[in-house]
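Same chain, two partners: chain A is paired with chain B first, then with chain C.
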Partner chain A sequence: MGGASEAVARVGEEPDVVTGEGLPAAHAPAGQASAGWKVLPIVEGLVLLIALVLPWVLQDYLTVFATRVVILALFALSFDLVWGYAGIMSFGQALFFGAAGYGVALLARDLNVTSILLILPAGTLIGLTASLLLGGFLLLGRYPSSVIFVSLGTLTGSYAADRLARGWYYLGGQNGIPSIPPLTLGSYEFEEGPVYYYMVLGILVVVYLLCRFLVRSQFGLALAGLRENEQRIAFFGYKAQHLKAIIFAVGGTIAGLAGSLYAFHEGFVWPNMLGVVFSTQVVLYVLFGGSGTLIGAVIGTVIIEGVSFWLSDNYRDIWPIILGVLLLLVIMFRPLGLVSLVLGERERVGSFGKAPNKAKESGHAAP
Partner chain B sequence: MPLLEAQGISKVFGKLTALDGAALTVGENEFHGLIGPNGSGKSTLMKCVAGADVPTTGKVSFVNTDITAFTPTERARAGMSLKFQITSVLPTLTLYDNILLALQAQCSLFDLVLSRTRRKLHDQVMTMLTQFRLADRAHDAAAALSHGQQQWLEIAMALAGRPRLLLLDEPTGGMSLEERRVTGELLQPIKQHCSLVIVEHDLDFIRDICDRLTVLDQGKVLASGTVAEIQANKSVQEIYLRRA
Partner chain C sequence: MASTFAAVFEIVSFGAIIVLVVLGLGIIASMMGIFNFAQGEFVLLGAYVTYLAYAHGAPVWAGMVAAPFVVGAIGFVLEALIIRRFYAAPIVAMLGTYALGLIIRESVRGLIGGFYLTVPEPIGGSIDLGSVHISAWRFTIIVITLLVMGGCYLLLARTSFGLRVRATLENPALARASGISTPLIYGATFAFGAALAGLAGALIVPVFSLFADLGIRFLIQGFVAVMVGGVGSFIGPVAGAGVIGTLSAALPWVMSPVVADVLVFVLAIAFIKFRPQGLIAGKGV
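What follows is the complex of A and B.
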């Protein structure tokens, strides 16, 4: 080993520790960091307001389309939790969405179960079970799994489920399961339209608020640590793999809820719902809107779906190209997504400490 | 009974033998310096003790438990803490949240989800920040700190869980002379409840704060003893003179 004959280097010569020089003073001072704090609630309020009045201004067929978008936004929310907050690269989120869709479709077809009080719990349970199984396998090793292993594992899961559904006669093969009856509550039937719309919007709002509570909690702080430096937080004593498996299962549960709502809204399920295309679509929603913000997932879904709808109507042949270019532009110039236009980094990451004023007072001068 | 006892530690990377039967013994409330020329295996030994690397052969005992096969999480829960050589504070989080993140590591899932320890831990967070002279910047993002301050924040984070043994890999790397002096001051009070293993190039710094030293050369222990013993040791003087 030649190193022994070298000089005992003085500290300044170490290349990797000097990097801190470039970091300081690059950000706004603390006083300003808390000044622009109210943007996120305003954005959220605006989105909710628009969502609430939509059925009054839209024609009926557009309300049906809007319902589909709200369900997809719920699906996007599940992916944002898993990826945007915990940094788990799940390329197979559609597996849980589709599995729940197929599950509830079978309940309706074979057992005549259509009550919302049974269907929604069943869908969430299927999503939970599937994500616990896959997440347990992919994430719960003694040492952390590599990103490649997790992303390929989820991708493969989604692809395999798609193939399985295509080849399995009981699941309807390529055609899937058609003519699912409407969702019911007692003798009431949820038909497509404003009622279904407000029902899924209500569910989206409740799930959104629960997610918001979760990501702003101390658990959310642990997730932020997980996302930024998994190895570091393991050295604090966090059971990082457990945290990942838990949030993966929460994501799977929400995807399951979305999948069961989707199946009954569309009236049929088909293998694509489980597959890679759907899994990637949700990645795009979240990337486009802005990951790790929750509202970004909702906005991304609405804009991508809305623009594709409009483009496919007006530019029948070239609309996928236009959409692709648009997506590329956003990802190139706004890698943090559309919401980063109005949302600063400090607010996006959030602050988890309590009683900031009291904290300021007890401060001491730095040396 | 020593707090930490590492025996016969070898680590082989392909054809390179980084450690060849190295040993390290640290007692309660002892500040122990690990020194040696570049490439002598200091950082590798540190990593093997901390669990960032698995030794090829050898045994590490901590508080009378064989922890050789423990994961980093298990070691942390047993009372061992590590500050990495490369600063790894979480840059987008505030200083306050960095400390809180370290403090809440062993809270139950239930407490974390319901944020039940947030209030309780507030005073501890502020005490740590005050102790490390960072309290007035509690709500700045960690990325906005100077390099020296980031190192202090990281030491504070490593101490947050009240470990019995703290492993510091080059804590004064890239610091000014004044910052180094302050670092020494900041470390002194922890002696009451914690032992320290410190890898450092700055020999003056090591001499000032350590009780005992272990000198590594080419993966082997060249000498181990009190600071005075090591300073009088002929072969240690020789390897440090060779650099001139």
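What follows is the complex of A and C.
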């Protein structure tokens, strides 16, 4: 990946002036930005606040459910980075989620490894390796791959992995790997409940902040350019394919982390985790909440999972139909998702890197 | 010798089924440039229509004749209401048709419950060739597939409708300037693709029986076949479907089915990676 690190270096060196010229909408003129009411931090703060107090108001079994939602939100974040920020339609994101889940489940079953200090790095590493391999194969090469090829390639990869897991006796076949022991730290065991909840919430917050930093950096600016106009970003001298492969690997890494947390939380892994079911589920979360905003992925996950849990008693049969209708309506009339109801376009695009200094700012205001 | 012949018949008959399913998918992908994720559900609808006719006492063949028309009409309406908005963005089209497919699939699941419903073969029994017995219905499927393939080819290559479709594919602006109503052509092409899927569903339901996930089984295989064959022509996806169908039916005879299943996909993706234009490059028929 020599070329990839070169691309990163280039991103870091890119002069600030690109911020203004490459994407005119990327930063608001100083006056409006400071006078305007920033909605995004408020939304993020509210979500965090609600997440923090939840275990105190929920019954235990609901805390377990909330933990699952937080892990899925982490998974949704990984897809949002890849689709919402780089415009790569990864229809097989569950491949990394499930591969990490199966990997750590095997570690626990065959080698009795349950320490959180080993399991989480292992899951992350599996996600990273799998996404580097698949992303490298699909995205890199002499000719740029078409978006259709990448989306169908990831879909096929995920489907093939699902079939493999179903048919392979070592991986438990249709039933998957049951009764994974709890995560441990020294002699402490992470049982389902508030402790596990706060641990995954902490991980989600850390990953969220890292992602936020990443997409607001110069690298994030290059990604936004890539999403909007790949050819132009290539003309600027960026290696578009490398940028894509890097963000794909970052997404896969986060999915791997989420997958290993999920496997230990549920206590078992099964083929659906690898396959089309989870892959499309995560697409639903992100499109519904709002792709291209990190908080949108989290909100989408919480709403879809929450409503489906709430409806599951009485309306289990028609819920998927409602979900399909909602998704169709969102795609047709609100392509930016629910978050776009409160979040303006300017704030969604946001600004990148260091704030431009005043002199440059005035130069833009009076062209 | 007899067992070899039986194996070859199995392989050819499965290949024919894949070709039948992919025909509609390929026509929509090639002529309109969108990958229709709801295609599997059109197959399911075709199967469901046939089952409905059978359940209400009509002969099975009548349901099979009705299925393509019903599904084609549904396709025409959906294109006019929804699909039409997605032409500019192929990825959004994928997601939109996926949502549509989800709605159709879950509705059918609600209607039939979680059951496997069987529909009898309209032509039962077997054909005896010496010591070999081959299923008469599977043989009929092969024959119908060949007829439909030939019919589609003639329609696209020899009729004025086919000419208009190809003109619209090649250069929509010029086609409009020449007085061709491109929205109508798109609608008709989509309906035609949906009708073919409906026919496929109707024909295969006696073999696979009716269940809600019937379409998904073929969808990814169909996409891979279209990509392997090459998007942009009629003959490309058909060739791809032949290759993928034959491979997925033939490989399990020489290795474990699990490995064969995965190997087909890996080979196909690798092939597309190194030959993005597919087996048969170029536009037209």
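General observations
One rule holds in what follows: the second predicted complex is superposed on the first by the 316 of 367 C-alpha atoms of A that agree within 3 Å, B and C clash if a C-alpha of one lies under 4 Å from a C-alpha of the other, contacts with A are read in each partner's own complex, and residues count from 1 in each chain.
Please note the rule applied: a contact is a pair of C-beta atoms (placed from the backbone, for glycine too) under 8 Å apart; a residue touches a chain by one contact, two chains touch by 3 or more.
Quick caveat: nothing in here was measured; it's all calculated off a predicted structure.
Among chain B and chain C, the chain that touches a larger number of residues in chain A is B. In the superposition on chain A, A:Y143 makes contact with both chain B and chain C. Once chain A of one complex is fitted onto chain A of the other, the partner contacts of A:T280 are limited to chain C, with no touch recorded for chain B.
Contacts of A:D313 after superposition on the shared chain: neither chain B nor chain C is touched. With both structures placed on the common chain, the touch criterion links A:I331 to chain C but leaves chain B unconnected. Looking at the shared chain after the overlay, A:F352 reaches chain B, while chain C stays out of its contact range. Chain A residues in contact with chain B (one complex) as well as with chain C (other complex) are 143. Residues of chain C that touch chain A in their complex: 35, 82, 85, 90-92, 94-96, 98-103, 106-107, 109-110, 216, 220, 223-224, 227, 257-258, 261-262, 265-266, 268-269, 272-273, 276. Put simply, chain B touches chain A in their complex at residues 16-17, 35, 37-40, 50-52, 71-73, 75-77, 81-82, 84-88, 90-94, 96-97, 100-102, 104-107, 109, 111-119, 122, 125-126, 129-130, 133-141, 143-151, 157, 160-161, 170, 172-175, 178, 182, 201-203, 217-219, 239-240, 242-244.
Of all the residues in chain A, the ones that touch chain C in their complex are 89, 91, 137-138, 141, 143, 145-149, 151-153, 155-157, 159-160, 163-164, 166-168, 276, 280, 283, 287, 317-318, 320-321, 323-325, 327-328, 331-332, 335. Only residues 1-12, 14, 16-21, 23-27, 29-30, 33-34, 142-143, 214, 217-219, 221-222, 224-225, 228-229, 231-240, 242, 246, 345-346, 349, 351-356, 358-360, 362-367 of chain A touch chain B when the two sit together in their complex.
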